[in-house]
Each structure stands twice: as structure tokens, then as C-alpha cells.
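Which chain is which? They are A, B, C and D, in the order written, and residues in each are numbered from 1.
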């Protein structure tokens, strides 16, 4: 592994996509800063990265708190220049509109939109003086479509997409690459397998077609492709889905 | 004027669009409930509506407070069945991303998105048992585009659009018409004239082409057209702009 | 009926939507010019319009021929100034991609896109010197979505939408209102009832929910609303669908 | 170079993007089939590819002729299985709507849409029996926006996008990756430099910021990234633009 003097941060380093992104950038020589609500849960990721010679810092982080975001990114930047910042917090809930409490609506927004704004803004503050860096946001089908029962989740994801667009238009001319990756299909996670089990039964999960769900590593690969783009041909928005997905 | 046994509410009954909508529905025989932050400012609207035989109730209303929204709509519904509910609060601000405070980002969202969710949900609760009603949301260019400096405003407007979409898909089959009107161009308000004055000078305002800006009454007319649509051919989303507007 | 010194043309005056538009504008006092491939089939429409005091000219018209379009619109304009021009030719076909012949692909485009371009251009030529007029195009779900089996139809409808957008941006500032109405749901026609019969059986048609399909008159009403908009608040694009439609 | 037993075809192998794509896939070991109107102009490309050990066949090809497309792709497939098919014909013209002749409108469509349909269909016929392959289409800003003067060009590009969508939805579940790359910004070509010269003068070209225009190689790289995606995370649509581009 060839080490780089650069940091890649993952805010929302959950067990699947976030962890896969962290592993990919660590494997490419970045110092990785990984944050999630309960930092203790990052122990397996840290072990896995370090076992292969990667460098990773794991942190507890409440992304809804401005100071937590600020400190996390500034600490990362002190290790080595912050070159890549990935915001990957989801908050997928589904409730009929009339049963959506104000508490749920607000909390989902704080997790999936407000914290994304804080992340993008703080990353920009660190990257602008150096005139380089990448800020990537994870979107979902609900970033483009407010489906039945998704008032809270889609409102947050639409909002995050607006932040990403606004940031891209503002920061692009200053050589900071902002992108929004829309994951339009199921990722292979325990949560998604549970939903399939609920809807289609245990056998559907047992006999799951290996290509029906996206591997987290494939999502990480998409981010890596975005990172590799040169400034004369940047992508802002790109959706990925499994080949058999209906859309 | 032929009176109807039906209420039309306007949340965000500002001096321009909101007032025009209130006047239009009052003129069509509805009992109008108009709410805005400082209800005292509604006195001229009340006087104007009543002078022409219309019926209107004016209220102070902090749309960011769940109880205020709930009480406002329930009180309206007690006068006569709530048939039309218009959410018309904007919060247009523009700041560079790195200068957007968390307080601004949150407040703009509370005014322009969160309160819209509360409004839509409460209206739905009142309309669903009767299986009829219209819930209309006012959108803007920033509902579809996150421009430079609009991270906060566009995040809120994108989010409001998601709420409207989700509500439309959920409530449409229950015979409640949800629509989202995108105002893509300047409305003739003091604020817009001030922006033109800033950018183009006093003369630009003095000699303003009468067709460059939308009359508030034209926006109200668009809502009235949406109200008149029969359930076999409803519009969810529609944009309006002045004929000479660049888009 | 109050007669107007103005002509409204309908190119693609089929038995349903086109006829309904013709009837609506005739009922509002316009001289109507109605064209379709086989003009003889317009006899019932002519009889119906004239029975109620309306004025209508019926013509055979091959919209894929430049001269036919040109002559049709010029003749209309000679009766009275051309004020409204509606292009309403569809060509809904569905074939697997590999079974779509070049002949089908070309013919569908000629009917649904090329002829729309000719219509828009000729109408513009007649309207521009007077600085007023409306050019309206009928779109469909396939204007926005290339679904399975719709390569030919969607390519034509996407193309027509491009023509409409381009025309709107070019002609709007010259006070000509160009709009594109997206009919996103089934219209109550014999063809649609046949499709339902095929898929769901005879009983599905017999017991058809009256609100499942759009009445042609409701589509005509949407065009009438577009016509009534004043130049300070024009809509370019608007979709209509039945209240229970899934989207 | 590691040779592959696979063919990559480029229909519309012009001097810039098409040539760059051909070079990239040749450099990655594909047998390349390059076609353009005047095949003689491909001599420099052939020389360059062969000088580096690549394998390339150059052909004259009128993409508006069904037989030409069919023969071209079948011949390619005889060399080695057709694995990648890129459709890259543009036809960028700009005329006021009323000055757009029917001949221009038709020809632009034949070049940029009809031939794309023929290409996609024929490639699908060759790829479906093997259950693998990639079909990529080159889009432009005009694929999404009908701007002033672009009725002909946008109608063709919108139509091509519809073909691509329809093909993607139909062929994706059969393991054929269809993608549509939107080039939203100037590519560094003689034509684009001429446009800059016209609008901004000779000095603007002489002092051209090297990052203002996209290198053709960067576009080729984007196609290569699409090719590398695994079937559990395919992109259908993606836009690329230079970092300083306004959008």
C-alpha cells in the first residue's frame, strides 16, 4: 500500500456502505476518519482496516451537533489535509402522513439533511484555502421521489440534494468536487434483508439472487470512480442500481 | 356573492400572494381563515375583504409551532368544513455556504418546510373523514434548483416539494387534491422591487415593464384554476412565470 | 354564444381529446379548424358543434406533409386570426426494442414529433407578426419516461417536448404562449377500454370506476385554463391525471 | 497490452470524443471497430492505435442507413463477441424555430436519434443471446433542455435519451448495461474553439484556460468507468462537466 498524506472522512460509517467506503479509501492509502453515533461499533472496521495495513481513526459522533461535526473534521484535517469527505447518514422511515409525528419529521431531517449541511459547510471551510477536495453525499430513491409514506424521509433527502447542488455550484469553480450519488435499489444489508423477509418470507431471503442487491463494496467503488475524475469532467449526480432493478 | 359553507385557509397570508389568494377565495364565497406571524398586519386585508361582502378571520400564527397550526386549522374547520388549505410561507435568504449559520439553516427549514409538513398533515386529518378537500403548496424556482447561495432556502423548498409529492400520492386516491405550484419568476412585491433597485438602480424600478413581474392576483388565479379541476384530471405540479422570463 | 374574431385549430382532432378541445373552443366562440387523417370522420363533430351554434371547418390532413400543415393553418388564419393552435396527434405503440422496425420508429416520429414541429413552426410564423397567440402540445407519460417497449413512442414524445420547450423559450418573450400538457393516465377512449379489457377482462370494463379514466372534456378544460392565463403568469408544463392514478 | 477476445464499436468516431473512446478501448485490449461518414478520415486514428499495438478496423458508415449499421455491427461481432457499443453521433445545429427547415429537422433526427435507435437495436440483437454487453449513448445539455434555437437538435437528443431509457429498462434485466452520458459543457474540439473565437475573439482562444473545456480523453475515461461497473451497481445516466462550468 502506498500511503498518501491525505485524509478521507466518512460521516455515517455504518456497518455496510459507510464501512465499505472507509475500507476502500484506507486501501488506497488515505488516512480514514470514520464517525458514527456509537463509535464502539467501529471496532471491527478498525481491526479489519489495520489488519491490511490501513490507517483509520474511529470516533463517536452525533452528527446533529454542530460542534461534533466541526471537531471531527478539524481533527481529521490535523492528521493530514482533508481531501475527501463523505456524508453517508440515512434515516429511512415510513409512516402514513397523518401518523408522522413532528418529532419524527424533525429528527429524520436533523440526521439526514441538517447534518449533511453542517458536514458540507465545514469540509468546504477546510478545503477552500487549499483549493482542492471532494465532498460526496449519499442519496437514495427518495432524493428524487416522495413516495407514499415517505414525507419525512423524502423531505430530508430532497433537502440534502439541494444542499449538494448548491454546494456544487458554489464550490466547483473553486476546484472542490461536490457529488451526489443516488442509490436507487436495495443495498445488501441486514435491514434490507429483513424488509424482504417481511414482505416475501424467509425463503425469499434464503434463495436471494446474488445480483438483486448491491454489495456495499460496489457503492464504495462508485465513490472511488467519482474521486478519480479529473476536474475537466466532473459528475455531479449519478444513480446506481442493480441490473435487474425495476425503475 | 354566493356564500359557500366551506372554509379556505391561507397559512402565510403575507401582503402579496397570500393576501391575493385570501381575497380570491373570499370573493368566491368561501369563509377565509388567514394566518401570519403578526396577525395585526392582516387588518387591511380584512377591511378589503369585508368591504366587498366577503367573510374572513385573521389570526396571528407561528407556523413553526405544532399547536398553532393545529388550532388554526381546527378553528377554521369549526366555522365550516375545511375545503381548501394553502401553505404559502417563504423564507428566501441567500448566503454563501460557508457563511450560512446553523441557526439560519434551521430557521428557514422550520418556516418553509417543517411548517408545511404540519399544515399538510393537519389538513389531511380534517379532510380525510369527509373524503374531499384541496391542499396546495407554494413552491419557487428553488424547489427544483439549488443555486449558488441557496443551500438553506433550496433545502427547505426541496423538502416542502417532497412533502407535497408524498402527500399527493397518499391522499389523491382518497379524493384529496394536493398540488404544488412553482412560482418561477419575480412576483410584484416590495421585496422584489428592492432587489431590482439594488441590482439595476432606481430607474429600473420606476420604468418597470408591467409584464416583467407576476401580479399576486395572477398567482391567486392559478390556485383558483387548480381548485376548479375535477378529480378525473388533477394537476400535481405546475410552474408559472411571466412571459418574458428567461428559464 | 358570443362569437370571437379568432380561430382555434386542432391538428389531430380524433374522436376523444381532439374533438373535446374543438367543442370547447367552439363553445367559447372561436372559429374552429379541425384536421385529422380522414376528414370524413369529422362529420359527427361538425354536426354536434353546429347544432349548438358553433362554427367549425373540418379537413382531411396528413400532418406528416409540410404542405398539408402549412395550408391548413394558413386557411384557418384567413378565416380569422389564428389565436390558438393545438397539436394533438399521438401514435402510441409498444414493441420490444429488437422487434421495432425502422419503419415503425420513423412513422411514429413523423406522426408525433415531426408533424408537431411543423405545426409549431407554421403557427409561430402566423402569430409572430401579431405578437399574440397560443401553441399547445399534448404530451403523455411517455414524454417523460422511456418505459419498456416504448422506444419508438417515447422517442417521439420526448422529441415533441423538446420542440415545445425550445418554442416556449423562443416565442414566450414575443408574447406567444407555448405549453405542453402531460396526460399522465388513461383517457376514456375506446382504445383504452380495449386495453383494460385485454388485461383485466370484460367485467373490468363493464364495472369501470367512473373516476379511473379522464373524460376528454376534462382534458379540454385543462387547455381552456391554459388559454385563460394572463401573460404575467404562464404555465409551460403541467401534468394531469385521475385522482386515483398511481404515479 | 493484454488482448481481449471482445470487440468495442464506436459509431460516430469523430476526431475528438469518438476517437478518444476508440483509443481507450483499444488500449485496454479490445478489438475496436470505428465508423464514421467518411472512413478515410480515420487513417490517423488507425495509425495511432496500431503504433501502440492496438487493434482497430475503420469503416465508412452512413448511420442513417439500416443496412450500414447492421453490417457494421455484425462484422464487428464476427471478429470477436461485441461487448461494447458506443453511439456517439452528434448533429449540433442552432436555428430560430421559424427558420428551421423540415430538411434540417429531419436530417438532424436521422443522424442523432434514428441512427441511435438502429444502433441500440442491432447491438441488442447481438448481445442478447450471450446475455452480456454494454450499449452507451452520448448525450448533451440538449438531451435535457430545449434551449432557444435548438428545436431540431434537442428534439433529436431528447429522442435519443428516450431510446436509451427504454433500452435500459428492457435490456438491464437481461444483463446488458445501457447508459446515457450527458456531456454538459464544452469539449475541446476545433468546432468549440471556433465558437469561442466567434463570441469572444481570438485572444480568448489563445489564452484558453486549460480546464475550461473537457479533454476528449476525459470523456473516454467516463465511458471506461461505466464499462467497469459490476452488474449490482450500474449507472444509467450521468452528466460530466468541467469544474468551472456554470449550470
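As a convention for this text, a residue touches a chain if its C-beta (ideal position, glycine included) is under 8 Å from a C-beta of that chain, and two chains touch if they have at least 3 such contacts.
Only a predicted model underlies this, so the values are computations on that prediction, with no experimental measurement involved.
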item: Number of hops, subunit A to subunit C, where each hop joins two touching chains; value: 2
item: Inter-centroid spacing, subunit D versus subunit C (mean Cα positions, whole Å); value: 34
item: Chain centre separation in whole Å, for subunit D relative to subunit B (CA means); value: 45
item: For subunit B, residues contacting two or more additional chains; value: 169
item: Pairwise touch network: line, ring, star, complete, or other; value: ring
item: Sites on subunit C touched by subunit D in the complex; value: 66, 96-98, 100, 102, 105-106, 109, 113-114, 117-118, 120-121, 124-125, 128, 142, 145-152, 154-171
item: Touching residues (chain side subunit B, partner subunit C) in the complex; value: 169, 172-173, 175, 177, 210-211, 213-215, 218-219, 221-222, 225, 228-247
